[in-house]
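Here chain A shows up in two complexes: once beside chain B, once beside chain C.
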Partner chain A sequence: MPRISEDFRQAMNWTHTWLGVVLGIVLFAVFWMGTLTIFAPEIDRWMIPETRIAHDGREVSYDRLLAQLPPDAATSDYVNFVVPTERHPTIGVFYRDSQGAFQNLLLDPRTGAPISVTDSHAGSGFIYPFHLSLTIEWQNLGYWIVGLAALAMLLLLVSGIFVHRKIIAELFVFRPQRKPRRATLDLHNLSSLVGLPFYILMPFSGLLIFASLYLPWGMAEPFGGDMDKAEAAISGAYDPGPRTGRPAPIASLDAMKRKAEAMWSETEGAPVKTNILRILNNGDESAVVYFRNTFPEDRVVLSKYVAVLDGQSGAVLQDFVKPPIGEASAWVQGAHFIQFGHWPLRWLYFLGGLGGCVMIATGNLFWLRSREGRLARASLGYRTVEALTIGGVTGIIAATGAFFVANRLIPADAFPVKGARADAEVQVFWLVWLIAFVHAAILRERAWAQQAWAIAVLAIAAVASNAVTTGDHIGVTLAEGEWAVAGMDLLLLITAGIAAWAAIRLAPSPMPERPFDPMPAE
Partner chain B sequence: MNMLLLLGAVLAALFGCALLALSQPRHWQAVTRTRSEPGRTPQRLGWLLLTGSIVLTILRDGASFAALFAPVLIGSAVLVTAMVLTCCPRVLSPIMKMIMPMN
Partner chain C sequence: MAGNRQTAGSQRAPAGFGGALALWRLLVGFVGGYALVSGFVALAGSALPLLGMERGEALSLASLLALFVYVPACLFILSTRRPWRNGTILLMLAAAMIAAAVMI
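Now for the complex of A and B:
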């Protein structure tokens, strides 16, 4: 077996150290929000209590729903229905209004009536987009930053393998009783190794999902540089062409849905259900209905089925099946989206995500610990990394807690402009996060314990405010089997317990600080 | 049946990781509180159980899910083992006693 030269190891060490220090906090934010995104539908139900509806699996008539829609939606040229599932019990409607703006509605699957819901971006509207793009939309800058961080993570993992000399010998080793620096490195190594395949898969699949953004030229090249054609070939996108201007009623959506599902089920050899039903050029003679099975419950692979039927005759205009190369990438994408119905795996993903957060946080912490005995501790660079690490780790967790509390406490009629209330929750998040950075910069290592206390208090406040404002306290939700809300409350209480324990452990000791105490090399 | 396969996969991963840890002298000696060597049995049994865990996840969910499930399950089992060895290594002494006669 060839030996790894010391020069190469040092080069890897340099890469590992500085990529981690520069991008560690972005990575932590992406990993933290990605971990929460695993339960985004459950967070939605906690933050938008009106959607806490039990899914009874009954068939929904889309003909009836279309007839019942408010006039603005019913006459829209673009109406998209998201079929309810156990994790998304309401029917989502997305339509283009008469002004050309897109609007959202949620319908009660039992009555078909629109639900007046708490105006919140919640998990799917804030936490999930934050994971993808840090919610920086300008010129897709956020997607590029997250993409760069994903690429850096792959480099960090590879370089980390070369840096660590005793991977197997220290696989099961964690020595919290040793010096803080050694204990931090043990925890960094342990959390890195236990989730290594998961940590490689996540950034790799994330980069693949946005390949069309990061490498559009390569994808469009086989289609003469036309990205629309590439999208159509890969995902079955369909362009119905311009409206004719001749009004015509739409044929039965339910009959067309049955036809599409029968077609797919025959190909698959097992029942395949519609996830999305979309009417394009609604109300016009050129109307078409687009059916899509996106997230199958029983497979990792994202679905390959799209059917487009003529809006008047119900004839099949397109029966799209993903090409083999699309299927290969669909497994990797499905592994990232985690929309399958495998709860043990979903929970292990959640633990893997938290493990990733520990790995990133301990990496930055080790950088600080390695330098705290030196004069560099007073330098601007050290202080900057210290403030970014504290604010980026405990700060973002506290900000997330504040986001939940704000969701429960900001009154529904606090803002007269639609959307402003939901935006206010997000502003609370950003404000608390910013305060956490400033707090860390001023108080330095004392900020760890104080921010941990803030997390504990906010987590308990979130549980209490949910109980007070909705009446759905843990006793009720557990008794009624409302697992999404009960699970969220229980996780908040566990978070509060861990944060309080950490705050006690992190509290500075009353020992007077020594002016300079160089730590001997281990 | 699915639940039994899941339970089997989890237990096989936990015991497999515990045995692999015990195959390392430092952990073996921490558990036995002696200076003896672990021999080859813990390592062989450990790999066998981990392989068994992977097979059970394939039987339960198919290769596509198992490719995701087995690595995160085994990773979690490594973490649990490391924490047990940190907090209370003697918890693993019944396993050690079971395999000692096989050494």
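Now for the complex of A and C:
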């Protein structure tokens, strides 16, 4: 390795320090919600109890389901079915109604009837979009903030490697009994290095997934500025064009599905199943049916196969198979989506995500700890970072707990308008998070212990309110093998235990003003 | 500028990171780097098909490589001892790539 000059190291230190302080809390929020998103389907089961249905793997007739949909679906230009799986036992339907608004239904796989579900965004509708965009939809601003944070994370990881001199040694160093500042830095280095490949993979693949959003000009330019053409070449997107206005009945979806799957299985040499079944221009002569193998159980690669069949004749209009480089890219993206059926690996991702949270939180803490001995403690900058760190770490965890509790305690008929109750749960999240920041700004380091207590109380309240409102307490769910709900309750209890332990350890002890002792950040 | 080796604490900006210079580094690193990576993806997506690669594949390859351009370019501008000169070179390179991609 060539000698690294002191100038370069200082530049990397500057970059690492300031990117970390400015974007650390955004990164923590994205990592925290991303970690939860790994279990978004299980969170959905917990928050929308009507979907706690056992998946029996029965064949579903999409012809029958289509016939059972509300009448305006019969002439909709967009009807999308999501095939049920073990983790998503209900059949998802998403269609544009006659007013042009999108309707979202969940169907019972046993009867095909829509389930009247708890009005909640839950994991897939709030936690997952928060991970992508902080749910700031205006001008896609949230996506750009998260994208900048992801880029910053890559810069932080590379600069972080150069800041530190003894990389291998740091893997084996953790001195919790030393001064808090030293111990914080040890933990920051240790958590960073243990998960380093994972931390590089996550922002890299996350940015890759949204390449066409982040590079709208660059990705469209090779196709003459037409992003639809680029999408069609890369992912097999298909546009049937406008409706002709000449009505025509749709042919059997089930027969077309079998045809598409037979075609794919022959190419793959192993059974390939449909995950997405989409009717475009339903009821019109221009109707087509689009089949996609989005999340294969036994593959990392996403959406390798897309078939488009003519709505009347069933003729194959498009048989898209990802070409080699596209497949490599889809593999990298699949490693971010984690939809393959591999539970041990899923838990490893979960631990990796939590490790990332520790890395980010200790990074911010070290910034504070290496300054508190100086007079800076009273400065606006120090107080701002302090409040952002406390509110951004324990605050967002407490706000998530409040989101779960609100889900169980807001009455089903609290709001007359559909969607209002779901939005109210999200407003509880934002309100509690905001309060956490204000609380941290006022109480300063005493806020840590209090917010940890809040997490513990909210987690227990969530478990208790689930037991009371649904009857599915841990005894029942464990006995019945309802692992999604049992797992969620158990994780909440573990969280409560850790938070209470931390709260006791964090209880403010009369701290003498520590004299400043210089220590290099290595 | 670069010879100043004072052991700046983490509180004070190291040499070469004062006011305007830091702003220049950040702007060229992030915004200039963004222009560079946009130009790179557009150019690779436009030029590789001339060598026989499928256009969609060229674009997939370009998007896979994009961060291998952006991250080093950004870190280079943040750390270089000659930020004015090298920043200008990066901006010119970005402009050249964008122009080439548009022309192909």
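The rule is short, and it goes like this: the second predicted complex is superposed on the first by the 505 of 522 C-alpha atoms of A that agree within 3 Å, B and C clash if a C-alpha of one lies under 4 Å from a C-alpha of the other, contacts with A are read in each partner's own complex, and residues count from 1 in each chain.
Keep in mind that, in the parts below, a residue touches a chain if its C-beta (ideal position, glycine included) is under 8 Å from a C-beta of that chain, and two chains touch if they have at least 3 such contacts.
All values reported here derive from a predicted model rather than from experimental measurement.
By the touch criterion defined above, A:N189 lies against neither chain B nor chain C after alignment on the C-alpha atoms of chain A.
By the touch criterion stated above, A:T135 is placed in contact with neither chain B nor chain C. By the document's definition of touching, of the two partners only chain B reaches A:L348; chain C does not.
In the superposed pair of complexes, A:S159 makes contact with chain C only, with no contact to chain B.
Once the two complexes are overlaid on the shared chain, A:A335 sits against chain B while remaining clear of chain C.
In the superposed model, A:T400 lies in contact with neither chain B nor chain C.
Counting the residues of chain A touched by each of chain B and chain C gives the higher count for C. Once chain A of one complex is fitted onto chain A of the other, the partner contacts of A:G218 are limited to chain C, with no touch recorded for chain B. By the touch criterion stated above, A:F174 is placed in contact with chain B alone, chain C being left untouched.
Shared contact residues of chain A, touching chain B in one structure and chain C in the other, are absent. If you check the complex, the residues on chain A that touch chain B are 169, 171-176, 190-191, 193-198, 201, 299-301, 331, 335, 340, 342, 344-345, 348-349, 351-352, 355. Only residues 2, 5, 8-11, 13-17, 30, 37-42, 45-46, 49, 54-64, 66-67, 70-71, 74-75, 78-79, 81, 101-102 of chain C touch chain A when the two sit together in their complex.
Put simply, chain A touches chain C in their complex at residues 6-8, 10-15, 17, 148, 151, 154-155, 158-159, 204, 207-208, 211, 215, 217-219, 221-223, 230, 233-234, 323-326, 328-329, 332, 370-371, 374, 376, 518, 521. Chain contact summary for the complex, chain B toward chain A: residues 6, 17, 20-21, 24, 26-27, 61, 64-65, 67-69, 71-73, 75-76, 78-79, 81-83, 85-86.
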